[in-house]
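Below are two complexes that have chain A in common, paired first with chain B and then with chain C.
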Partner chain A sequence: DSHIQYERVGADVTMKCGSMDWDAAVTWTANGTDIDESHLNGSYLILKNVDLTQSGQYSCYEGSSWHLKYQTYLRVGTPPKEPVLMCRSNNYPKGFYCSWHLPTPTYIPNSFNISVIHGTREMVCEKDVFPKNRCHIRYIQLFSTVKYKVTLTVTNALGKNSTTLTFDEFAIVKPDPPESVVAKPVPNNPRRLEVSWQNPSSWPDPESFPLKFFLRYRPLILDQWQHVELSDGTSHTITDAYAGKEYIIQVAAKDNDIGTWSDWSVAVHATPWTEEPKHLTTEAQITETTRASTSSFMPPPTTKICDKGAVVGSGAVAVCWTAGLVLAAYGVLFI
Partner chain B sequence: MAAADSPSAGLRRRDLCSRGIRLAGKMRSDVMDLLDTYVEWQGLDASASVAAVEGVPVAAVERWDEQTGTQRLLENLAAYRAFRVLLAQMLEEQQEQLGEADTALGRALAAVLLQVSAFTYHLEELLQLESRGTPSEEVAVPAPPSQLGLFERKLRGLGVLRELAQWAVRSARDLRQLAKPSPGISSAPSPDESP
Partner chain C sequence: PTGDSWGIFTFLCAALCNLPALPALNCSEELGTSQSIQKTYDLTRYLEHQLRTLAGTYLNYLGPPFNEPDFTPPRLARAERVPSATVDLDLWRGLTDNARLAANYRAYSRLLCYLRALDGQAGTAELRHRLGHFCSSLQGLVLSIAGVMSSLGYPLPAGPLGPPAPPGTPVAPNDFLKKMDDFWLLKELQTWLWRSAKDFNRLKKKVPPAVVTLRLEARGF
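Coming up: the complex of A and B.
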């Protein structure tokens, strides 16, 4: 007969050779390798302070005949720690899902049981095929002030543990990030970038449950983000971009009325349109180029680069000075 | 239902719905502020559990997506008429309790009461548009039991405001459903499919 035996890390394990007497002559193997007699007490195998590396197949053979008398699979592991549970509605008002994981592995199989109670009603959380540690619930009621109570219990051969979350319907609403974010330069506009995106596909009814959006953008060379909140529409034109600088742009979404902001979308990069360099053959063209070059170094009105609170910190003053020096240089060159 | 389905009626309905959605949004925001003020004034714990309060219209609803437009309007109207009475009771209790006509809480309550009245009127207009006529104004809101102690009254008030906040969210959703183009206001939209 083959068995599975679960033991805690650090435990002392005694294995009997099936129905063999204590004083029978036996040989034990671990994964096919003979075990030294020093680990034997009569026909019993003694493993002290077991660790994970000692998991494996243990077999016991009768001394002279080498008949297999007993076999077991030793699994060394730990009882479960308190699981981490999270519940969220990214498809409001259809329902919500809960997902969980263990903070540290147990190294042995675990089973999970989840219960969801709304007032006096017990609701069924249907397990997802993928990912495994997740289940979803369809809302029966909407606009309820009664809280939901979700309890997750994890059990394995060495113990059990549980955790409980209590929340109300509105609090867990968090859409997925906006999708298909696109940022494009605007022809003949060196300070503009056109950004567009789509509602997350998991949000079932954006018409009745509209989303609002938060856009953030910054040039790659700076740390500080600019933010814009948009109450409707799925596009926005940035009008204060630094000419010629590559930007990184992200968008987040939130239900108009309830819940929390989504994670930021995948970042997109874009550089505003820049004028093609021209040959300076006439005075008029020189003057035009001067004006164009000067404006490209003019900080935009909302810039943080020279503000006191700029993340750039001590570098901000240096950048301000640099911009001023360049302007002065151009002025001297073209007087 | 020819009048309700005419293009001008459709435009009027969408206009009323848009304004109603804005009203509901403002109302919710003010009710949330009022909740903070109320909790502070009454010395309550903001997270205190309040059992269902008799006479307070409950916003929770099953099969919300299957409701007809008329059902939505009627349920909203009944609710806000009840809230109008409940808020007036709270205002009166507040004035009795403190003996002053003008307090920050009293002003906030009065402001929300005004918005609730305005929203009620708005709902009545929408129902008129649907040629449904407006149900008679008989609101069965029981007066708060006189044997309720002061603390119980405070908790009751908390329950009223919380439920009103839920209704304000629900009303905006209801009006957005109503504003969707549909073959007829009475026809139930098809239920959502399973994910």
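Coming up: the complex of A and C.
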């Protein structure tokens, strides 16, 4: 008859050949391969300082008859380290979920037990089918002053460990990133990009629990991001893009009043509209081209540079306005 | 000291607390209702921010374990006198505008009262200064909510807005229990401010942004 045996990495393991006497003649095999007699002490198999590679099926056969006397499956592993637990409400005010994992593998099966205590009440955290290490709780009451205490216990054949999280209802609110982020050039506007997105679908009630958004963008060739915070609406027009440069754009979301910012959305790329070069076929068209290229030296209207959308620090505003005035004067020269 | 001082305390509280209940809003100025709601919303955010500093200072003054981050003392029956923001989810959703505003108004009126009592007993000058400032801002919030209710034509909640003191209840039998009361007061206040942000968000969406001109009658008291 066979069974499973769990042992710690580094332990010394002694396997007895079932009910055979110590001085019986036996042969041990590991995964079908004979084991050298040097590992035997009588009929006992001694494995010193076991490592993971020694996991496998061990069988003991009576010397002459080659009868299988004993079989065991050795699983070498470790007791669990303190698990990593995270709880988050991405669907406020419906409830929250907790997910967990072990920082290092144990190499043997583990079972998890989670308990959620709210004041004096113990709540049931319903385990999710997928992903496995996750469970969710539905809020019964809202705006609670009492903290939630979540304890996760990991147990395996070699030991157990646990961790506890204590938090307020509001502290764990973190929406999923915005969805369907789209960035498009604006025809005839070489410095604009129109960005739009949608509320994350997991956020159940954006009417009563509105989200605010954070947009960041930069041309691929630069490292520094520009940021815009938007308190409502799911679209924004960037008005200070560098002409002809490809941009990378991301959006994040947060409940208007509580909790923390979501992760950044999937990045989208877009390049502002650029004028199509004209084909030269007739002289008339050549003249047109010359005129067109002269006018392209005109600076863009000042309002587009110092728009609300651009990053504004108090110093930057002053520079902005000065730049605007200078360019306005410059522009006048070309009329 | 029990009987006499408790009686005086109750009387003072009742007097103090009924004072801001009837704002003399005989203003001929035009109040955009949605602007009032926005202003009230902004006030709750401001107060929430102020409270963070105030609570930190006050809890440090109370000393450990009150200033420990995971400290969750049990709620004793006496602490139930402080109005709780906790509410059943569906119930909260279904509140009428009037009920929603009234709940906020009642809660802050009582919380203000308790806070003022705290102010009288606070240990350090810095703490008294902070509490005093906060109480003024909180009173502004109460008035703001009253303004919104009036502009929407809702009557202000009647009745004593001070803490209903059952006769014979001692202020606090000992120092530790008193500190626990203080702890829960601050916690409930913080939760109410979080809740109010959501309450006023909901109200913002429901009240049309059209300007409502009102002539409010002078209310003497």
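Going forward, the second predicted complex is superposed on the first by the 277 of 335 C-alpha atoms of A that agree within 3 Å, B and C clash if a C-alpha of one lies under 4 Å from a C-alpha of the other, contacts with A are read in each partner's own complex, and residues count from 1 in each chain.
Basically, a residue touches a chain if its C-beta (ideal position, glycine included) is under 8 Å from a C-beta of that chain, and two chains touch if they have at least 3 such contacts.
All values reported here derive from a predicted model rather than from experimental measurement.
Novice: Looking at the superposed three-chain arrangement on chain A, would you call chain B and chain C a clash or a fit?
Specialist: Clash.
Novice: Under the stated touch criterion, which partner chain does A:T166 make contact with: chain B (first), chain C (second), both, or neither?
Specialist: Touch partner of A:T166: chain C, not chain B.
Novice: May I ask you to decide whether A:N91 touches chain B, chain C, both, or neither, giving the answer as first, second, both or neither?
Specialist: first
Novice: Go through the superposed model and pick first if A:P204 touches only chain B, second if only chain C, both, or neither.
Specialist: Once the two structures are laid over each other on A, A:P204 reaches chain B alone.
Novice: In the overlay, answer first, second, both or neither for which of chain B and chain C A:G56 touches.
Specialist: Neither: A:G56 stays clear of chain B and chain C.
Novice: With the two structures laid over each other on chain A, which partner does A:I140 touch: chain B (first), chain C (second), both, or neither?
Specialist: So A:I140 meets both chain B and chain C here.
Novice: In the overlaid three-chain picture, which partner chain does A:D257 touch, first (chain B) or second (chain C), both, or neither?
Specialist: Both chain B and chain C are touched by A:D257.
Novice: Need the overlap of the two footprints on chain A, from chain B and from chain C, as residue ranges.
Specialist: 93, 140-146, 170, 207-210, 256-258
Novice: Okay, in this complex, where on chain B does chain A touch?
Specialist: Going by the criterion above, the answer is residues 25, 28, 58-62, 64-65, 162-163, 166-167, 169-170, 172-173, 176-177, 180, 192, 194-195.
Novice: Can you name the residues of chain C that touch chain A in the complex?
Specialist: Going by the criterion above, the answer is residues 45, 70, 72, 75, 84-89, 92-93, 184, 187-188, 190-192, 194-195, 197-198, 201-202, 205.
Novice: Going by the contact rule set out above, which residues of chain A touch chain C in the complex?
Specialist: Going by the criterion above, the answer is residues 93, 119, 139-147, 149, 166, 170, 207-210, 256-258.
Novice: Considering only the defined contacts, which chain A positions touch chain B in the complex?
Specialist: Residue list for chain A touching chain B: 91, 93-95, 136, 138, 140-146, 170, 204-205, 207-210, 256-258.
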